[in-house]
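Shared chain: subunit A. Partners: subunit B in the first complex, subunit C in the second.
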Partner chain A sequence: MPDFLSHNITVINFILINMALGLSIYLTLSTGLLSLANAGFMAIGAYTTALIITRTDIPLGVAIVPAMLLAALVALPLGMLVLRLRDVYLAIATLGFGEIVRIAALNGDKVVRWFSDNKDLIVFNGAEGITLSYVTPKIVLGLPDSTWPLLIYLLVVTYLAFTLQNSRYGRVLASIRQDETAAHTLGIDVVRYKLLAFVLSAAIAAGAGALSAPVMRVIDPRNYVFSKAVDILAYAVLGGMTHWFGPIVGATVLTSLPEILSFLKDQRDVANGLIIMISTIYLPGGLVDPKMWRSLAKFVLGRNTSGSTA
Partner chain B sequence: MTQLPQQLINGVWQGAALALFAMGYTLVFGVLNVVNLAHGATFMWGAFIAFVCVTKLNLSLWYSIPVAMIGAGFMGVLLDRLAFKPLRSLTAGSLVMWAGFLVLLTGMLGDWSPGTRRVVILSGSVVLLAGLIQDFRSVRPLRQREVPHLAPMISSIGATFILVSLAMGEFGAQVSRFPMNLFPIKPYQLTSNAVISPIQALVLVLSLTLMIILHLLIKRTQMGRAIRGIAWSERTSRLLGINVDFVIAQTFFISGALAGAAGVLLGLAFNRLEPTMGHEVELAGLTVIIVGGMGSIGGAALAAFLVGMIRVLSVAYIDSSFRDAFVFGLLILVLLIRPSGMFGRSKVSRA
Partner chain C sequence: MYRDMSLIEPKPLLEIDGVTKKFGGVVAFEDVSFNIYPGLTCGLIGPNGAGKTTLLNAISGLIPLSMGEIRLSGDTLSGLPPHKIAARGVSRTFQNIRIFPELSVVENVMIGWHLNNKGTLLETFFRLPRSRMEDRESRKSCLGLLADLGMEDLSGLQAGALSYGDQRRLEIARALALKPRLLLLDEPAAGMNRRETDELFEFLVMLKNTALTILIIEHDMDVIMRISDQVVVLNFGVKIAEGSPDSVRNDRRVIEAYLGEE
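Presenting the complex of A and B:
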């Protein structure tokens, strides 16, 4: 394994996880839904997987399936309830859901003990969370075996987002974002498509959470607070919400930034905040904004081609 | 059940402080249609400004509270001009302000000798102020556009990062406390089984006073009329000759000052100041403004008492760790039954 990879493998793992999370929120954003529930779904995925692989011999690749299904099952009724809200209201309701998931994880054991005879039963382990035992990563084909599932998962999710953008389904979602009423009058079942996007997004977030369990090793409620939901949103906003490549760039920048800026030590968060502010103010379409790059290209190359385009 | 009167009193004074926080929050939302997620950071800085006044400058508490409010108010104005206004209309002044702000930050955080640091901070502040004045005077922005809901939210999140880590750098991540002898501790006996400490009484009285002042300010003054006008329709207000950007700055000042007051009061009552103290109240405040109806000040005040009561009672009778679950349960319930809140104008969404 090359030096660069082996030194930064943790960061790279987190970049891959965050890319998938960024794509999960991209799916709802591209439907015009400002949902901040993804941290909660990520928690559901991570807890489910962590419980399965610590208690049984089921491998990670299989344990991800119930995690994603469970998140989708939770997302379906939740979506039916909250998706009639819009904008800030939806954001805050989904934020509330995230907090409830966190509190449930924190207090899950108390509830479990009410139903169980064993009064010292430990399942979720409250604030300390579930700790997975350390396994020395094996190197397979030049990468540690903890990185491979993340990479494969990301490729699948990216492929999904990529085909979505150019498919009928993607066009329907975009039309809902641009004008819900118009989409409705064109005969699009707005409620069903919104729900579909929400549930799919939840499953993707849960999958990312599931695969993050062996990387994080300690699954505790603090990892899934308000700020995680906001981080996920920031990936998509910084990267740009009009193209599937946006969240990927955004996640890469925001995850590697603290490492790149590590020479700033304690002032990392200030730099982080500055970059978030400056990019929202001066790059309103995000880093990956096809319109901006096109006009920039025109501006730089325009001297030669202006005659033909004018 | 013998402790019920005591719990009700706790609910009332905590609700009152929460109301101060939430009224400023909802005021900005009503005027700008923007959720200012940095409101919690302003709250925290209000508490720390009073802390510095008391411990470093040896001011009495009676001067420290107004100083903290004014400081937090100006922080609110700067927040608007740096984080929100450039999104609405970007002027040459905003660019100058940003340049000054960056110089100021490098002055505060860089590895300088004390003399250089002073010069850098001073020049940064001067540029920042010059930009601010220019920004207020400018009539022709470089860019003006409709802002989507997301951008200001994200921008204020960035501001929160900066404000919280500046406080971390200045005061450390540990808990700071006001000196113990600042306030008498002996509680007043209200009834046979309910007491209220002087500090809690102060919180209650001061919060209620500020609420009344805010009410008069909004309902009875020319400025309040302008604020209400902009909340109703910005375009119409502009046509009628109201200096919209200036009124928005005033709104942010009021909002910041209220957050600062809430910060000092809750900081005093729990005697627990830490840079992350804004996060928790932020979430409670969001619930309050939704339950009360976004933009409705009276609704926010009432909802704050309701939420304060729910928090206190769920800690007393159920379990402290479930406290926020009940608050958010209420939030989701209200959103589902009546998305516009208890007193909100019903313009929110069609099912």
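Presenting the complex of A and C:
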């Protein structure tokens, strides 16, 4: 394995996880839903998978399925409840859901003990969380075995996002974002499509959470709080929300920036914040904004041709 | 000799039956009734604030009625959500244009075409033949519709980049993609110049000749009088006149409503 890969494999793994999370929120954002529930769904995925692989011999690739299904099952009634809200109200309601998940993980054992004869039963293990035993990484086909599932998952999710964006479903979701009333009078069952986007988004976030469990090794409630929800949103905002490639770029930049800036030592976070601020101010459409790149190309090319005639 | 009266007198397509809408204490319209017969064009006119747009919103299901009932071919529409009313064959345009600005022109029309697609989400994800075929057909039909409106050259542009008049025409094309039985037009000529209005008028006459039933709100009296088979006049939420364009034009109450009492 090349030196660059082996030195940075943890960062690369997190970039892959965050790309999938960025795509999950892209799905709701492209429907016009400002939902911040995905950190909570990621927690559901991570906890479910961690519980399964620490207690059974079921492999990670199979444990991801119940994790995603559980998140979808939670997202369905939650969506019916909160999707009547819009904009910042939806954001606050979904943040509340994230907080409920965190507190449930923190205090879940108390509830479990009610129903159990074993009054010392430990399942979620409160603030300490679930620790996965250390497995020595193996290199398979030039990549660590922890990276492969993440890479495959990201490819699948990217394919889904790409296919969806270019299908009639993608068009319908975009029409709901641009004018919900008009879409409704054109025969689009707005509630159903919003629910579809919300549930799919939840399942994708849970899948990313599930695959992140072996990489994080310690699954504790602090990893899925408000700041993670905002991070996920930032991937899409910085990268751009008009194209599925936006959150991919956003997640890469935001995950690798602290590492790239590590030479600044104590000033690292200041520089990190400044770069994010400046890029959001000067690139409001995100780093991947087809419209901006097109006009930039036109500007550069236009200048070239006028230069040649002069 | 006994004759089946229903053969002579056709059943109305749209029945507005004693409808009232109140917003708190404010009455938008009260006890309004009229019928529209299949294939005919009904002009809905009245001074600003007469409740015309609110009535259109009630027909398309955007606002619930306080009282009364709206029926399409005898089936109750009132109480249904907008997308179900659209599925029954009622489509509309808006007074303040509501196209999808970031979609292309043809994609806007394809949203109107959406109900014809049967392909499921899984078929879409796996790009199975049906979903791909449907997408091709839908694009083809929608390009055809745009061609009818003389907009085929614009089909690839972003809808938000179109001129005002073209956006209005696009809205009509999008509404027609639904293959409606009843088309509701809310001031389709608003903001158009004379030439655009004339072109729109020609197109509406063509639509009328396809036996489409139309309910049109319009301030351009010239358009209304030339295109309507029947005119309904609202004033302060009350129907004050109904009849042929000529009879309405000469109605004392209508003249008073527009020009004020002497």
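FYI, the second predicted complex is superposed on the first by the 302 of 310 C-alpha atoms of A that agree within 3 Å, B and C clash if a C-alpha of one lies under 4 Å from a C-alpha of the other, contacts with A are read in each partner's own complex, and residues count from 1 in each chain.
Operating definition for what follows: a residue touches a chain if its C-beta (ideal position, glycine included) is under 8 Å from a C-beta of that chain, and two chains touch if they have at least 3 such contacts.
Computed from a prediction, not measured in an experiment: that's the story for all the values here.
Once the two complexes are laid over each other on the shared chain, residue contacts for A:Ile188 go to subunit C alone; subunit B is not touched.
Of the two partner chains, subunit C is the only one touched by A:Gln178; subunit B is not.
Shared-chain residue A:Leu261: touches no atom of subunit B or subunit C. By the document's definition of touching, neither partner reaches A:Val123: not subunit B, not subunit C. Within the superposed three-chain arrangement, the count of touched residues of subunit A is higher for B, of the candidates subunit B and subunit C. When the two complexes are overlaid on their common chain A, residue A:Phe226 makes contact with subunit B while staying clear of subunit C. Of the two partner chains placed by the overlay, neither subunit B nor subunit C lies in contact with A:Met292.
Once the two complexes are laid over each other on the shared chain, residue contacts for A:Thr163 go to subunit C alone; subunit B is not touched.
When the two structures are aligned on the shared chain, A:Leu73 is found in touch with neither subunit B nor subunit C. On the side of subunit A, the complex with subunit C involves touching residues 160, 163-164, 167-169, 171-172, 174-175, 178-179, 181-190, 196, 242. Residues 35, 82-83, 86-87, 90, 98, 102, 105, 109, 145, 149-151, 153-155, 157-162, 164-166, 168-169, 279, 282-283, 286-287, 290, 294, 319, 321-322, 324-325, 328-329, 331-332, 335-336, 339, 348-351 of subunit B are the ones that touch subunit A when the two sit in their complex. Interface of subunit A with subunit B (complex): residues 34, 81-82, 84-89, 91-93, 95-97, 99-100, 103-104, 106-107, 110, 226-227, 230, 233-234, 237, 266-270, 272-278, 280-281, 284. Taken together, the subunit C residues at the contact with subunit A in this complex read 60-62, 81-83, 85-87, 91-92, 94, 98-103, 107, 110-112, 114-115, 117, 119, 121, 124-125, 127, 131, 134-135, 138, 174-175, 178.
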